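The same chain A turns up in both complexes below, where it pairs with chain B and then with chain C.
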Partner chain A sequence: MEDQPPAALTPMATYAFRMYVAGRSRRSQAAEENLRALCDFYLPGCHEIEIVDATEQPALAEEERILATPIVIRKSPLPGYRVIGDLSDRSRAAFLLGLPDSGRPSPEGQRL
Partner chain B sequence: MTDRPTIQRILTGISGFDDIAVGGLPASRSTLVSGTTGSGKTLFALEFLARGISGFDQPGVFITFDERPGDLRVNARSLGFDIARWEAEGRWMFVDASLEAGEQTPTVGTYDLGALTARIAHAVRQIGARRVSLDSLGSVFTRFADQDLVRRELYRLAGMLDSLEITSVITTERDADYNGVTRQGVEEFVFDNVVILRHVIRGERRHRTVEIVKFRGATHRTGEWLFTIDPEDGLVVIPVAFLAPRDRASSERVSTGNTELDAMVGGGVFRDAVVLLIGSHGGGKTLAALQFADAAYRAGERCLFHAFDETRGQLGRNAAGWGLDLDVMEASGLLRVAATYSEVASVEDHFLRIRRDIADFAPARLVIDGISALERRATPRTLLDFVIALGGVVREREITTLFTSAPTARGTSPIMEIAGITDVTLVLRHIEGPGTVRRAIAVMQTRGSAHDRAIREVAIDDTGMHVGDPYPGILRLLPDAPVPPSDREE
Partner chain C sequence: MSEPPPESGRAARVMAALADGIIAVDEAGTIRICNPAAEELLGRSANELIGTPFGYPVVNGESTEIDLVLPGGRTRVVEMRATTATLVGEPLHVAALRDVTIRHEAEQEMEAELERNSMVIAVVAHEVRNPLTGIGMLVDMLREPEETFTDQERTDVLDQIADRTSRLQSLVKKLLTVAKIDAQAVRAMVEPVPVLELILERLAEFADRPNVNVTCDPHVRVLADRSELSEILINYLENAFRYGAPPFEIHVAGRDGAVEIRVCDHGPGVPEAFRPRLFERFSRESRSRRESKGSGLGLWIVRSLAQANGGEAYFEPGDQGGSCFCVRLPEAPPT
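Up next, the complex of A and B:
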């Protein structure tokens, strides 16, 4: 790792997210949809999303000490921001996940 | 038992607690253990699991919101519990919900605690847990903004544990020891089973008490019970076993060390008897206590002698004056003397030390010379608890026990209460006779046998104590008129 410079936080870097849900509830589906939508908006073509069902993989949830679901964790680039909830306020979720340009207010009517 | 058959119980294994709980916690239910900071909640939760594994081979899951698992392992280690080994054996599992320093997860939109529930269910299944401890509810609430949501989720969790037939202990915080409810307000009303741990200062002394507020549909003892946190034994609830019915009573009689006194109590005391001797200072209590110890020595049995009024040196000199050689008795291995001033430790600590000595030395007899000295450190209730607790320990082992006491500084009422629970009560005191001060002895009560009702003269010389003829005339030997206990409180 030492011979590589730190990855620059440009929009071109690949963002990886892991989202934990608990079962296939409406809330789980809404959270997943919201995450995909905000990634498509802010990180078109440079993101990966992994969905983990804590009821199916509790050991993984234990490892990451997850309590509340849904929760999204930014796996890369670090730091590993976490946001709990169904992400119904997408621009706020994007801001809390540290996505590029997410600080700007989203224009009225924008499909976020 | 008076227990209704529908409520199964699970023994906690926590020393003394199962006695006041009349058989342990309601099985397959959640019990809320509520207390202020430092009241011993976490220890209760930890011991409930550890003693379940070590005593009953019941695996347990510990859900920790407060302390890190590493810290809990270290704390448990000092009590002799090797959690890491149990984890390796698949008998203990942590669900680590403790907070990283500075960690605060923001929320956007709605959520639930589904992952926590899934983790707990997973852990329970993985090791086949019979017990779960969750420490503490309050920390879950501080972690999330939506209090109603958290409450709903926690009830759902408790419901899940119940349906899995898990017996669980859930701790929660109280802001004050006596103002009624938990910090979040409603838990004590919602849970069926509630235990409160308190840590209060009363009479300039720190007290820990445990109270079972409710066990729905199951009996338990009411009121607050003293407990202590022992560095080796953990939680020890003081009044143990004594109040439980005795399965068997000894019919074998042993000597008090004085043949005339033996005759007065109907031919010696029963081997499992607890004897109380009340007497004024210089009245001959310590002599009677030494003769009681000597009777064990002559029978080739071990005696443990705890003196609160005198040093070992003073005791030895007194004994020599009556023809008894404590050094020889101790060297034989049949006598162990422990002389401590009552002030050096709390009454609870004295109890633990004596209990440990009993376990270690396995005496046939026990003498506690001068329990009234303990009153300088305790309330009358504490003194009573001390005797009750020790009574439980000695009866279980059929140790013939003698307590001696002066009439106490607050009058005689606490000692009279103690007399109400001992098997034999003797009074030995000075009498102002015509022109002389003499001594007299009487038997106030003997449980399970007839006794001499006469007040007899006592003579003390260099060969010991001699009980003589009935005292002529009418005497009032019992120390003072009974005092209503309520007038004597604090």
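Up next, the complex of A and C:
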């Protein structure tokens, strides 16, 4: 126990997300860009993003019971929150995905 | 809410499009409530949907478009609005889904319709004005008191008037057929039709027509609407006589439960670049002698009627130049 670093220095857990889109439409691309932007802001350096095209992998989408796209699923840490939409309301999306500090207002002048 | 979805189909989809599909999810993002319109939009029953993870709907502004993933992997575009509600103290995230696929289709249909209408006006104006102007001038000539005509000259002028009048009648008939097809009023009254008999009847209607060699087993019969098959043949023959060159031939052959009728000529043929658009509405080969003739409706009518009779119309270049316009229709069983 004494070998553990102080709490303040504990590295943040890696967050993993899987986003399902349907084809390479403009809204698919916007959703992906928004997810990457909000992860870079809330989880810099400790996130992984996987993009899955539901039209190319219908079996996987069926297995995960995907009913709508674009959708992002927080794969880890659990629980696996899901948010549907293009995530252009990034702070709301971050809040619903349970990202750390997502309740805070954006720093002055910094655009999400 | 737990009833199975209504029978799918366009009518059901239209009904669903009129009502918003409502999906309400709980704090875990799991579907708690859905209405019949949502069942229809998602292609799944309430039994399948309730308890399934959906996710939190997030909309920036009034609404956003999302794709619903249907069973089998197909998708459907819907407009989503999101709100929150409280049910017996429990917060719910509510997504209202509206089918925009039908709206998009309707917009595209409307745009295509507007384009067609403006083309109809342009084609009709061009096709009607020319023969009418000609008829007017010929009538003026005959009325001219100082002009004296021999009987032969008078006959020639009257023949020209008759020819232009017949072109106008043919155009009006085509436009009526187009209107019927557009209104989906074409209802093929399918019956066994002896092909050779029909070909000979139609050929007899062409005055001063060139010779046509017909190859057809007299026992061959197709299952088709007699008047529509007549119209198909008339269009093909008019086309051949107008744009092709002799010798003209009609070949009829039965194969694999279908009968193919080929109307061939030995004219200049159809340029390869134009062939894919040959049967499109208002398609006319440009920068050629075709430009000044034809409404661009005949071959489109042929294909529409052929398909309405369970067949197909197509073009094949002739073996030694020229053109073969073909129609394939179901063969009638032997008596």
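Note that in this section the second predicted complex is superposed on the first by the 98 of 112 C-alpha atoms of A that agree within 3 Å, B and C clash if a C-alpha of one lies under 4 Å from a C-alpha of the other, contacts with A are read in each partner's own complex, and residues count from 1 in each chain.
Quick note on the criterion: a contact is a pair of C-beta atoms (placed from the backbone, for glycine too) under 8 Å apart; a residue touches a chain by one contact, two chains touch by 3 or more.
The shown structure was predicted, so the numbers you read here are calculated from the model rather than taken from an experiment.
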Joint occupancy of chain A by chain B and chain C, clash or fit: clash
Partner chain in contact with A:A61 - chain B first, chain C second, else both or neither: both
Chain B versus chain C as contact partner of A:P79, first or second or both or neither: second
Stretch of chain B, among 9-17, 63-71, 243-251 or 369-377, that runs into chain C once the two complexes are superposed: 63-71
Residues of chain A contacting chain B in one complex and chain C in the other: 20, 22-23, 25, 27, 54-55, 58, 61-62, 65-71, 82-89, 92-93, 96
Chain A - residues contacting chain B, complex: 20-23, 25, 27, 30-31, 34, 54-55, 58-59, 61-62, 65-71, 82-89, 92-93, 96
Touching residues on chain C, where the partner in the complex is chain A: 28-29, 42, 44, 49, 52-60, 64-69, 72-73, 75, 80, 82, 95
Touch list for chain B against partner chain A, complex: 95-97, 105-119, 121-123, 143-144
Chain C partner contacts - residues on chain A that touch it in the complex: 20, 22-23, 25, 27, 54-55, 58, 61-62, 65-71, 73, 79-89, 92-93, 96
